[in-house]
Structure formats: structure tokens, C-alpha cells
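Next come two complexes built around subunit A: one with subunit B, the other with subunit C.
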Partner chain A sequence: MQSGINVFTSFGTNDIWFMAQAAWRTLMISAVSIALGTLLGVICGWLLHEGRILAAVLLAPLLDAFRSVPLIIQLVLFYNFAPIIGLNLDPFASGVIVLTLYTAALVANVAQGGMQAVGVPMRRAARSLGMSYWQDLRYVVFPIGARAVFPSWVGVALGVMKDSALVSVLGYVELLRASQILITRTQEPLLIISIAGAFYFALSYPISRYAAKVEKRWVQ
Partner chain B sequence: MFDYNFHWRPVFKSVPDLLDAGLLTLQVAILSMLIGIVIGLGLAVIRMNMRGPLYWFATSWVELARNTPALFQLFFFGFGLGAFGLHLTPYTIVLAGLSFNCAGYLAENFRGGFQAVPDTQRRAGLSLGMTSWQVYTRILIPQVFRIVYHPLTNQLVWAVLMSSLGMLVGFRELSGETQFFASRTYRIFEYFAVTAVIYYVLVKLILLASRLLAVRLFRY
Partner chain C sequence: MIEIRGLHKYFGALHVLRGIDLDVPKGEVLSVIGASGSGKSTLLYCINGLEPIQKGAIRVDGTDVHAKGTNLNKLRQRMGMVFQQWNSFPHLTALENVALAPRIVKGKSRAEAREIAAYQLQHVGLGDKLNAYPNALSGGQQQRLAIARALAMEPDYMLFDEATSALDPELVGEVLDTMRVLAEEGMTMICVTHEMGFARDVSDRVAYFHEGVIAEIGPPTQIFGAPRSELTRKFLAKVR
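Moving on to the complex of A and B:
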């Protein structure tokens, strides 16, 4: 402390580093949730596609609920519900659980669409070539279906990455939360919010460009 | 383990207030959709037909809206513009943020819709002596709306869900109102559970209304 008390310190290189770390945390929580959610979502999509009435009655409304309630409400609900049943989770774990379920609900639709994109004759052909059901899934349905829905999967993943900003309501210091902290300290909202935006843009834009390119190539 | 007592009574007492707030949510979502449709159409037309600064303006709008979190966009209109001495009310912040976001997403939908209408129709219209404006408003846009009707409905649902972020900028729509009541009574879980149900019903009503409207609109 030099002379007097400086309440508001200006924005420095340390703060860029602080924001970069926060961006890393955003990336981490999204990567974990997207990976787990995709796995779960593909399983759900498979159940929706193959399971008949039971899946349509039990699973579909459940997944639908995750898509029809705002993520922020889901986060607050879960974060306040977990202690009731005796779970003490930190914001990261709660965030991952809710984001995973949310991702799974979105991916389930995508995966179901992917499986529907594989024609029934193709699958019959695979079976009549002597492939087992699992071989048919692994070597026929997965490569073709995944290719068909890859762009929409990327869209879901990017959406979840952006929505991970909402985990800040639980107190997890990700990119947007970090910028709020810095704004409170430095009182330079425009600069800091723009930097946060630039970080998000830098994470999201290249991937969305790449997906658009891949889509264009596959359409041809 | 399960020693939490649920208290639903205060929640049920404030259900009328929550429903009122739900109407506010619906209002802001529909308004932002209308603004988003107008701007989105403009952006799509600019991106398809123009070069130079206008093209870059429209493209940056679309890419920024699509590649940054909606919450970031709200914060930008909330804190960011404060740096210019422009202090918006929470209602305006949410409306501006949602409209910005919707316009960006809808612009891409509209662009896809315009590309799906054969170019020969535009040229046929022009050669019949119609002005460019007439061609757009009487030939292209009606067809585009039919093509993007379902994405439009989805976007409205998204707008309703996104408006819940208003809670974080002090807007008392459904989520903000819920938080207000929840923090007054400490019945956080109960309040947010009821709100989740209200959101769910709201979304289902929108989808139903859209389906009924589609039957009426697309008779031919």
C-alpha cells in the first residue's frame, strides 16, 4: 500500500491472467459436462429409438422436462435440493451434474435423429450379412448416424459451453463471474466485459466455423 | 438424512403473483421475438445481398450473438453500456439482450429459408415488373416464414427460457420474482420447484398454440 487507501485498482496484466484462468475453468466444466452428457445422451437416444412404449412413456417426458425448464432454474433447484437428501456438493460438482443432465437431454434428441438417419434396409442388410446387433450398431449405425448429426452435436456442445456461464449463480468462478469480480474492483465494466466476450468468442467461433465447413463438405 | 421440512403453503399463496410474473416473462419473450424477427430479416437480407461495411456489420452481429453466452449479452447491455452513462432499466436490458440474441439466431434461420426458395422466383417477380420490395414482401418472405416456422417456434421457447436470466440483472419476471419471494421466506427449493412447473406449462402452451396456429396458417 503506498499512500492512502486505493479502493479501486486499475486493470492490469494480473487480471488478464485471472481471466484466462477463469476461461480455463469454463472450458473444464464444459468439457467434463459435454463428455459425460454426450455419453449419457447417446444411451438415452438409443433407448428412445429402440425402446418402444416404455421409453416413450418414461424417458421422453423426463428429457423433455430438462429442455423445457430454464437451466438457471435447474441449477438453483439442484443446488438447493442436494443438501436436503444429504449430499454436500461443491459448486463445480453441482454444475457438472446439472450440465451433464441438460446436455444429455439435448444430445438424446440428436442421437435419436442420427439413428433415424440410418435407413432400415441398411440395418437389415448388416444383420443379414451375419453381423450381430452390436456389430450393426458399432460398424453401421454409429459411423453413418454420427456423420449425419455431427453438426447439430457441435451446436449442442457450443450451446452448453455458453450456458456454462450460468454456473456462476452457484458461486463457481468461471469466466463471466470472474469478470464481474473484476468489474466490482476496477470499475471498468466495458473493457472487462469486452475481454470476457472476446474469450468466449475465441472459444466458440473457430469450432462453429469448423462445424459449418464440415457440414458443407458432407453435403456435397 | 431426510430431516428437511417442506413448506409449500407460502409458495401456494404467492402463486398468483408468480403467474403474473409469468405473463411478464411471456410478454418480454414475445416482444423480443418480434423485434428479433424484424432485425433478423434485415440482417439476413443484408448478408445475402450487400458487400462492404453493412455486410460486416450484419455478419459481426450474427456471429457475436451466436458465439457468446446470452448472459454475457445481458451483462453487456446492463453494465457495459453503463460505461457510456447509459443506464437502462432491467426491463430494457432484458428486452435489448434477448432481441439482440434472437435477431442473430433468426438471421441464420432466415438465410437458410431464403436459400431454400428458388432464385427463379425472385427473377420471375422482377421481370413481371415488381419492385424489389414487392418481390420480398409478397413472394419470398411468405414462403420463408413457412419454411422457418418451426425454428421460429423453437426460438420463442428459447426466448422464454433465456428471459430467466433477467433474474441476474434484477428484472422481476418469473425467475426474478421467484428469487425475490425465495429470499424473503428462505423456501428456495419449494419456490423454484413451482417456478419450474410454471415454465414447463408455459413452454407446452407455446408449443400447443404454435401447432394450432400452424393448422390455421398452412391450410393450403
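Moving on to the complex of A and C:
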């Protein structure tokens, strides 16, 4: 019999459970960020659409910055510089803030496109019925625009969910981070990365299936 | 009664309406004819308050449309408008298209609004299409849907902006028939139109627009039978 200490232990059922919990955390951070980011993004998109010059001068460059600077850099910058201005945030909160802003920047363009898809004649028709500006927005522009850009929004949402893996650099134990931990211990990268991939697929696939179904219902 | 006094309208440097004076009493059907770009459609947009004006005044039942304190949303409920492009709401069924404004603007209950909508759709001959989505309707049906949608607000006036111009020729008739029915029911209507037959047969008066002014206005017998203006004569010779 072989003696000595075994440094590496093999992959077990406990580890699957560990990864499932991490997948849940991936889902949580993504869901919160996508929800908040979409809300903020729609407001930004509306400002871009209606705000004319002011929004174009002030908001558009800001959103461009969030869109063009790689997410990992935004995360590291924010996480390291937030304490300087007195914000002591845990990795989850930092991740949510950065992912939310990133999502908002992407959704703003999508939302603006959606509102543009509802032409001026349609809006005049709504107003001619006596609808107020807000009623027009709520009952005509949003529902029609949302249907027009729903597929793009799903693309953004799925992208953000996958990008949430980058929050691992802050030490938040989501799916990717959990996989790295397990790989270090078990030295079975192929197996673990495959399982992580399967988890990501299991998270994304239902969303894209559901989205396709919703889209189909709207097309009729 | 719609009263228009000394109305001027510019789009930037373009002087579109150059001094319009016009009274449309209750119950009248007025057709507005004229070449494209003569300002006919713009007049309707100004009456409805969808376009601001630069000079003059438009009063609807005594309310100044363009005065600062005027509640346009309220005023527009009394003026239905039908556009060249029918603009049906694509995400709603025919019934919901018509029921929407009565419900959210007039505050009718859902059931009440649907009842009004069903009645108005019946009225324009779409009683069998209540649950159809607009993309399943022909252009003519969508335009009648737009008419029903405007009527559901129980307006005192109806403004038609070239309601048949975007339709395939074989679909024009059904929309004109619907407009005829409204005229017979005594609806006050201003119809910007290229349909000379409709203008001649249905209207009480016809106004001929030329370069932003009313070149001639009178009963159809005068406009089509014995036009007093040389401009009218020339225009009619071209369109006939």
C-alpha cells in the first residue's frame, strides 16, 4: 500500500453540490444585475430618444465608456477604487453595481432602437385619441417597441449572464470561481470545466427557449 | 363649430398655410381638395393640435386649440382623426385597439369599453373581426378599424387625412362607404381627399386649396359644375 499524504482529492458528489450552489450565485448576480440594468437602461434609452441634445452630449459618451471599456477592467477599477471614496462593498454588491451599469449601457441602445421603431405617425395616432404623453408611452410605445427589440434584449441578458463570470476576479464564488477552486484541488480541469459549461448551458437554454416562445406568441 | 381665423403655419422657412379663414358648422361635411403640398393635411394637424401654429387662431366649440391653458388631451377626445397610414396598434386585437382609448382616456370599465368597441366595429362592418390582430386584416379593414377606434371616443368631429390614399384601389370603396354612412348619420367631417367622386357626392361644401390658401370654397355643384376660380378649373382639369 502506498503511504504519504494525498494532496489532491478526487471529484465527488459534494463538489457537484458546491458547483450547483455557485451556479445559483451566478443566476442571482445575473438576475439582479439584468433586472436593475434593464430598468436603468430603458430610462437611459428613453432619455436618448426624447432628451435630444442634452442626452446626446452628456449621457451618450458615458454609456459609450461603459460599453467600450472591458468589463473586467471596470470590475477591478471599481472594486479597488470604491473604498477610496468610502464605499466598502462586498464582492457581490460591487459586481451587481458594475454589471448593472454595463447592462444599462447595452440596454439603453436597445431600448432607444425600440422606441425609434414606433414611428411618429403611430404616436400621433395615439395622441389624436386623447392619450397623454405618458399614456402613449405606456400603452403604445413600450409594448410595440419591446416586441421589436425583445430578441436583442434576450441577447444582452444572456451575454451579461455569461459575462458575470468575470466577477470571479473580485473573489465572488460564482460558477467560474468555483470551478477554478475545484480544479486546483482535483486537477481534473477537463471534467470540471465541462460540468461548468453544462451548468451555464442549463441556465441559458431555458431562457432562450422561453424567449423564443414569447416571440412566437407575439408574432401572430 | 370649428372656427379658423387668419391661420399661418410655417415648417422652418416653408410657409405652408398662408392665411386660412374657415368655419365648419356642426353637421357639415367639408371636403378639402388640392394638389399635394398645398397644405391640406397640415390644416388637419393644426386643428387637432398635433402641429403648432405661428399666427391666427383655431377654435373648436369656442375653445382655442393653441392657447396655453388648453387641455389638448381633453379637446382631442372630441375630434377623431383618421390618418393616411391607418396606424393600428399591432400588439392589440381589433377589439382591444378600439377599446384602449375609451378605457384609459375616458376611464370606462374594461367591460364597458369592450362593449363600445364591439358596437363601433360592428358599425364599420368589422363585427366578425373582433379578435383578429391587425396583421390579419387588409388595408381597407385596418382603415375601418382606425375609423372605429376614433368613433369609440364619441367625437363631435371627424378629421380624415387622405384616408384612402394608401389603399389598393379595390379597397378604397369599402372605406368611402363607411365614411358615407357617417356623413348620413350627421357626423361633422372634414375630409382631405383625392376622391373627387366622394367630394362631389357626399360633401356639403368643397374647399380647394392652392399653395396654402383656400382658392375657392362652395357647394360641390359650384366647385365641380361651375368653378369661379381659374385655379380650381385648372386643377380639376388635371385630376379628371
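A few comments on the model shown:
The rule is short, and it goes like this: the second predicted complex is superposed on the first by the 203 of 220 C-alpha atoms of A that agree within 3 Å, B and C clash if a C-alpha of one lies under 4 Å from a C-alpha of the other, contacts with A are read in each partner's own complex, and residues count from 1 in each chain.
Convention: a residue touches a chain if its C-beta (ideal position, glycine included) is under 8 Å from a C-beta of that chain, and two chains touch if they have at least 3 such contacts.
Everything quoted here is computed from the prediction, not taken from an experiment.
By the touch criterion defined above, A:Tyr139 reaches subunit C but does not reach subunit B. In the overlay built on the shared chain, the residue A:Leu166 is in contact with subunit B alone; subunit C does not reach it.
When the shared chain is aligned, subunit C comes close enough to touch A:Met122, but subunit B does not. In the superposition on chain A, no contact is made by A:Tyr210 with either subunit B or subunit C.
When the two structures are aligned on the shared chain, A:Trp218 is found in touch with subunit C, with no touch to subunit B. After overlaying the two complexes on the shared chain, residue contacts for A:Ser194 are found with subunit B alone; subunit C is out of touch.
Of the two partner chains, subunit C is the only one that A:Met131 touches; subunit B does not reach it.
In the superposition on chain A, contact of A:Trp17 is made with neither subunit B nor subunit C. Shared interface residues of subunit A (contacting subunit B in one complex, subunit C in the other): none. Of all the residues in subunit B, the ones that touch subunit A in their complex are 1-2, 4, 63-64, 66-72, 75-76, 79-84, 157, 161-162, 164-165, 167-168, 175, 188-189, 192-193, 195-196, 199-200, 203-204. Interface residues of subunit A, counted against subunit B in their complex, comprise 65, 68-74, 76-77, 80-81, 83-86, 158, 162-163, 165-166, 168-169, 176, 179-180, 183, 188-191, 193-194, 196-197, 200-201, 204-205, 208.
For subunit C in complex with subunit A, the touching residues are 45, 48, 50, 73-74, 76-77, 79-81, 83, 85, 87, 89-91, 100-101, 104-106, 133, 146, 149-150, 153. Only residues 121-122, 124-132, 135, 139-140, 143-144, 147, 218, 220 of subunit A touch subunit C when the two sit together in their complex.
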